[in-house]
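Next come two complexes, and both contain chain A; in the first it sits with chain B, in the second with chain C.
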Partner chain A sequence: MTTELRKVAVLGGNRIPFARSNSAYAAASNQDMLTAALDGLVSRFALEGERLGEVVAGAVLKHSRDFNLTRETVMSTRLDAATPAYDIQQACGTGLQAALLVANKIALGQIDCGVAGGVDTTSDAPLAVGDDLRKLLIKLNNARSTGDRLKVLAGVRPGMIVPAIPRNEEPRTGLSMGEHQARTGARWGVTRAEQDELTARSHHNLAAAYERGFQADLVTPFLGLERDQNLRPDSSVEKLAKLKPVFGGPQGTMTAGNSTPLSDGAAAVLLASEEWAQERGLPVLAHLVTGETAAVDYVGGDEGLLMAPAYAVPRMLDRLGLTLQDFDIYEIHEAFASQVLSTLKAWEDAVFCQERLGRSAPLGAIDRSRLNVNGSSLAAGHPFAATGGRIVAAAAKELYERGGGRALISICAAGGQGVVAILESNGSN
Partner chain B sequence: MPDTYTSLANSPIGKLITGQLGLPRPTILERYSPGDATISGQVLLGAAPGGRLAPAAATVLAGLSANVSTALRGDLRKAAADAGLDAAVFNGEVPGDARFKALVFDATGITDSTQLRELHAFFHPVVRRTQSCSRVVVLGTAPEDTGSPREAAAQRALEGFTRSLGKEIGQGGTVQLVYVAPGAEAFLGSTLRFLLSARSAYVSGQVVRINQGAATPPVVDVHRPLEGKVALVTGASRGIGAAIASVLARDGAHVVGLDIPPLAEDLEAVTSALGGSFLTADITTDDAPQSIALHLQEAHGGVDIVVHNAGITQDRTLARMKPERWERVLDINLSSEERINDELLSSGVLNTGARIVCVSSIAGIAGNNGQTNYGTSKAGVAGMVVAMAPVLAKQQVTINAVAPGFIETQMTAAVPIAIREAGRRMNSMSQGGLPVDVAEAIAWFAAPDSGGLNGNVVRVCGQSLLGA
Partner chain C sequence: MTTRIKELDGAPSVLAGYGRAFASALPLVSSLPLPVSLPGGGSGELPDLELRVPSLKTDLTHLADYAKVCGFTLRDTLPATYLNVRAFPVHIALMTDGDFPFGPVGLVHLRNAIRHVRPVSVREELSLRVWVTGLDPHPKGRTLTLHTEAAAADGEVVWSAESTMLKLGGGSGERVERGADPDVPASVTWTVPGDQGRRYATVSGDRNPIHLYGLTAKPFGFPRAIAHGLWTKARAVAALEARLPDAFTVDVEFRKPVLLPTRVSFGSSTDAQGVTAFAVTDARKGSAHLVGSVTPAKKQRTSRRTTTANGGTTA
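Our next item is the complex of A and B:
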């Protein structure tokens, strides 16, 4: 049995403003935030009591009690409790990968509509007991007699009380993501000035998006926050130039300004078949055309941790017979300004494209005025799993408002992975 | 082996003393051992915009499996990519902890003196980022091959740059200028291989000219480039001659050592250890050229490499010099070489693609007190090389010369200490060279892929102040 593939429509999204770590959302859990984002989406698209095909979401930092986070969240919303849900996790690629999973089921006709999302908190972080104490507690649980229990408890040492704090570092290298990117940036000769320039532009673009009301139907206020807390509308290259480097040593070029801060937030995006949208009179902002995921060997191999999108995009372009220049807007997630710039340099570089991608010519440069036109993570912040939903919804809306066009989405992720996708829109036609 | 002072100065206590007293501490020069990689560190490849040699240089570097960096500039990245180099990126604005073993700069794009600023732009950020015993090679177009007086002037200016940088770079670093004629790009290989490696430890401040050779340069095994070649080395029983025999054999050649009958025992010891053979002859006799030619023809079916190394000194000031001293030095050092060359050529014993390499001397360039005879003979050797080059080119044969400076041999060990120390220290390396340094330069000229080198006289003098 063969199935005609259906087009997958992006109908819109909703997120809560992103907060800086340990501030506005310090007391909110992942489930609280994801519920807020989903409920906002439900209100916006009148989905109260609807049974959706599925809700797929995830979080990078998760408590053990959150093993079924998305399903639990769905049951806290006004969606029909008969809406199935599951969690996924692919580091910062979680949100976009969730959208691809939902989209694939819609395309195959397995479901008609679904929500993809993500949430993360770095404030309500899941502290765990250390491994020694954990093993001891399991032993205690298994002990049968009081004597045995006392024997086990006698083994408790003060050092065991120190909790295991989740760290933003790669398990296989012990290096933080920032240190990894500092190396990649140095390898591509990325300067401080170009990073600060990209950062300032991200803030200005996001501020302008809020000013012109672009975010009005993308963001729902939460816990007193109406805009992303990290946004600095008056950011400038001069101000950014004053910050001290935080990665790459004293000579480093990466600062707290041109790197994304730890942040809290949640985002969700509504996907559906065209028929489903039509039945409800919902305009199709854009179609999610395809996606691609790549991974690089940043441990034993000779590639940067966050360079996987540089491989994923050309593979996807080749599949569709497109060139890098065939896009009206480019959404390249700004984990670090340096990551965006390294990726762009790689695509322009004959050596990278020939030696690493096996192409006869470089992919070439992009028109920088089309890059992250409504700002990106440097300005908005980056609650890891929430970023994909933020980008898909905003890019779809931007294309729709422009009367159509094509968008490239690129998101780098821990573990040397990268998730990329293409949106196309006919505008309001 | 380094001289006593150099060894002392590099010992832990010597370092302390030389540091405290501000005495020079000559770097112990890295030298090539069989199996070594040609370049032991990162190579930075750069070019003035519009240059024509970056692709050729990238190809050579790829062939050497070198680790290469370039600026993130379209032309350089394309050159690297086309050569199959997975070249790293270097941005002088954010240098990080980058260190380079070699800097290669294609200056052929410089066609006007105002563009010489490209030299500053490329070298300024990296000159202090070089490792010890670093290698700097500037590639240019010989003034006579340029298209305009301005380009000629600018290209001639490169010489002043490389020679000055050679004196600044320190720590055993060397700096050379290589003029590559338009169309001779494919002949860059052997020269870049030599100049970037530890084989050129004592060669600095030199200008090398590469022209289009007779035949497309063959691909050689960089560890045994002379495999299957027969090499005649005169004066092979000791000193520089023995070192030449040893290096040529190491590089794969069958060495036929030649020396005078009284030195037969030493000669046999040298050549038998190398798996070579030997021939005793007094090259000043009338029948020597014929008997040498005959031996090479009968025993080896011809000869591929001829190294005219045999030479003597008979020092006296001119006023006190008897005619015999004059005659003997001129005959051994110059006239006999001419006779042997003529015989080998006319008898057809020189194989196609043969290499003749002569040993001139810094005395023939700078002159030396008490050496009017020797200086005359060695300048004559340089003259012979230049004059014979076009003649030999017709038979696909090349002729070049090395001009040793102060080399640590029995001959220089006999020089009075004050003069010896002056000779030793008055160069960019602050030390004398070793016989092997001369031998390595000869092996470079002798290589099968050195067909683009013809009529060059290259000094092996550590960039001596004398005659510079």
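Our next item is the complex of A and C:
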């Protein structure tokens, strides 16, 4: 049996404003935030009581009780409770990978519509008990008699009571993501000035997007926030230059300004077949054409932790016969300004492109004025799994408003992974 | 007779009024010759008094605590039952007013009906109006109804509630049989812990001793602490929250107290008219603690239900 692939339409998205850690959403759980993002999408597209093909979302920092987070969330929304859902987790790539999964099922005709999303809270983070205490508690639970229980309890040591706090740290290297990127940035000679410049532009572009009403149908207010809390419209290279380095030692170039802050938030994006969109009279903002995922060996090899998109993008371009310059806009997730700049420098570098990518010529430079035209994570904040949904919806809308075009989306993720994708739009025709 | 209107500034203190209320309710204390005037010294008539809170804002931390205790998702709009706890101190202020014929302690909550006109954003500034009507005859005593209206900045009433309370003693009128236990299949079981009353007391301000500990509940005739009726209602509405329309009424009748700790069952069913009947029942015996219904606003009958003296007994 052969199946003809169908085009996958991006119809829109919804997210809640992103909040800084332990601030506006300190009391909100992942489920609360994902419910808000989904319910906002439901009311925007009049999906009340509708059974969707599926909802796929995830969170990077997740309580063990939230094992079925997305399905539980669906049951708190106004969607038909018969809408299936599942969780995925691929660090910061979660949201975009969720969109690719839903898109693939739509393309194959297995479902007609679906929602992809993600959520993260660094405020309501899951604390785990240490391994020693955990094992002891399991023993205690299995003990049959009071005597056995007392024996187990006698083994409790004060040191065991310290909880294991989740850290933004690679399990295999013990280094924080920022420290990893500081090394990569140094290798590519990324300067403080260019990082601060990229950061200021991200803030200005996002502020401008809010000002011109671009975000009006992408963001739904939540718990007192109407805009991303991290956004500083008056950010400037001069102000950013005053910040002290936080990664890479005293001579480091990465600051709290040109690195994304820990943040809380959720995002969701609505994908469907063309027929499904047509039946409901919903305009197709863009098509999700394809995606690619790459991983690099940042432990045994000598590649940077966040460099996988540099590999994923050329593989995807080759599949479609496109060049890096064939895009109207570029959405490169700003985990750190340094990450974006390292990636761009790698694509411009003949040695890297030859030795690492096996190409006779470098991919070349991009027109920087097309990069993150409505701001990105440095300004908006970056609730890990929510970022993919934010970018897909905003990029699709931007293409649509331009009357068509092609967008490249690139997101780096912990574990040395990268998820990238292409959107194409015909505009309103 | 003209209505006396009293404006309260900010959130009135619950403890001030409630402390006096309990003092007057305890058999020993009320018989002591105290120099302060205790509630219950009124003329026997309900006062024609209206209390107003001109500015009511939502504290998100409080809202989050309330949502957690009751099982609601923390949303950008208020849970349908949330304003019950914001109105509570105003109710207490009204019932501990010197003109009130008796204090709030010992009143039995029979019914709570909420009219949810539209979703209310957590950022909206509201105003509250609270007044009381009654006393109406009841086989076991007399009933009064506390009315609460919450209005938006433009004066539009966005939420209102009626709570019917029974003052035991001096009953009159025919004994009315309670409606049959609802024909709603129980689908969910909730384990209600022993500290549920204390947890809800923290978020509602209702620290009535009958809800706190067995020891504090006993003097009032309960073998153990009992759950707040409005918590039980809130928990039930939270269980239905994904299916609630924007505009609806949710009306509940409180039947048997929920003695803590316990396991209760919850079930609901929606009829062809879109009316959802629900019940919280004893998990073992099946007898009802609470029965209620959600009626979408569009499908509501034009004549508004009147508060019946027998406290919402529906045939």
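One rule holds in what follows: the second predicted complex is superposed on the first by the 429 of 429 C-alpha atoms of A that agree within 3 Å, B and C clash if a C-alpha of one lies under 4 Å from a C-alpha of the other, contacts with A are read in each partner's own complex, and residues count from 1 in each chain.
The criterion applied here is as follows: a residue touches a chain if its C-beta (ideal position, glycine included) is under 8 Å from a C-beta of that chain, and two chains touch if they have at least 3 such contacts.
The model shown is predicted, which means the values in this text are computed figures rather than measured ones.
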If we overlay the two complexes on their shared chain A, which of chain B and chain C does A:31 touch? Say first, second, both or neither.
second
Go through the superposed model and pick first if A:189 touches only chain B, second if only chain C, both, or neither.
first
Between chain B (first) and chain C (second), which, if any, makes contact with A:251: first, second, both or neither?
first
Can A:78 be said to touch chain B (first), chain C (second), both, or neither?
second
If you stack the two complexes on chain A, which partner ends up touching A:154: first (chain B), second (chain C), both, or neither?
neither
Please work out whether A:223 is in contact with chain B alone, chain C alone, both, or neither, and reply first, second, both or neither.
second
Residue numbers on chain A that touch chain B, as the complex places them:
185-192, 248, 251, 253, 345, 348-351, 353-356, 362
Contact residues on chain B for chain A in the complex?
70-72, 74, 77-78, 80-82, 84-91, 93-94, 96
Of all residues in chain C, those that touch chain A in their complex
60-61, 63-65, 67, 73-76, 121-123, 241-243
Residues of chain A touching chain C in their complex?
24, 27-29, 31-32, 35-36, 39, 75-78, 81, 220-224
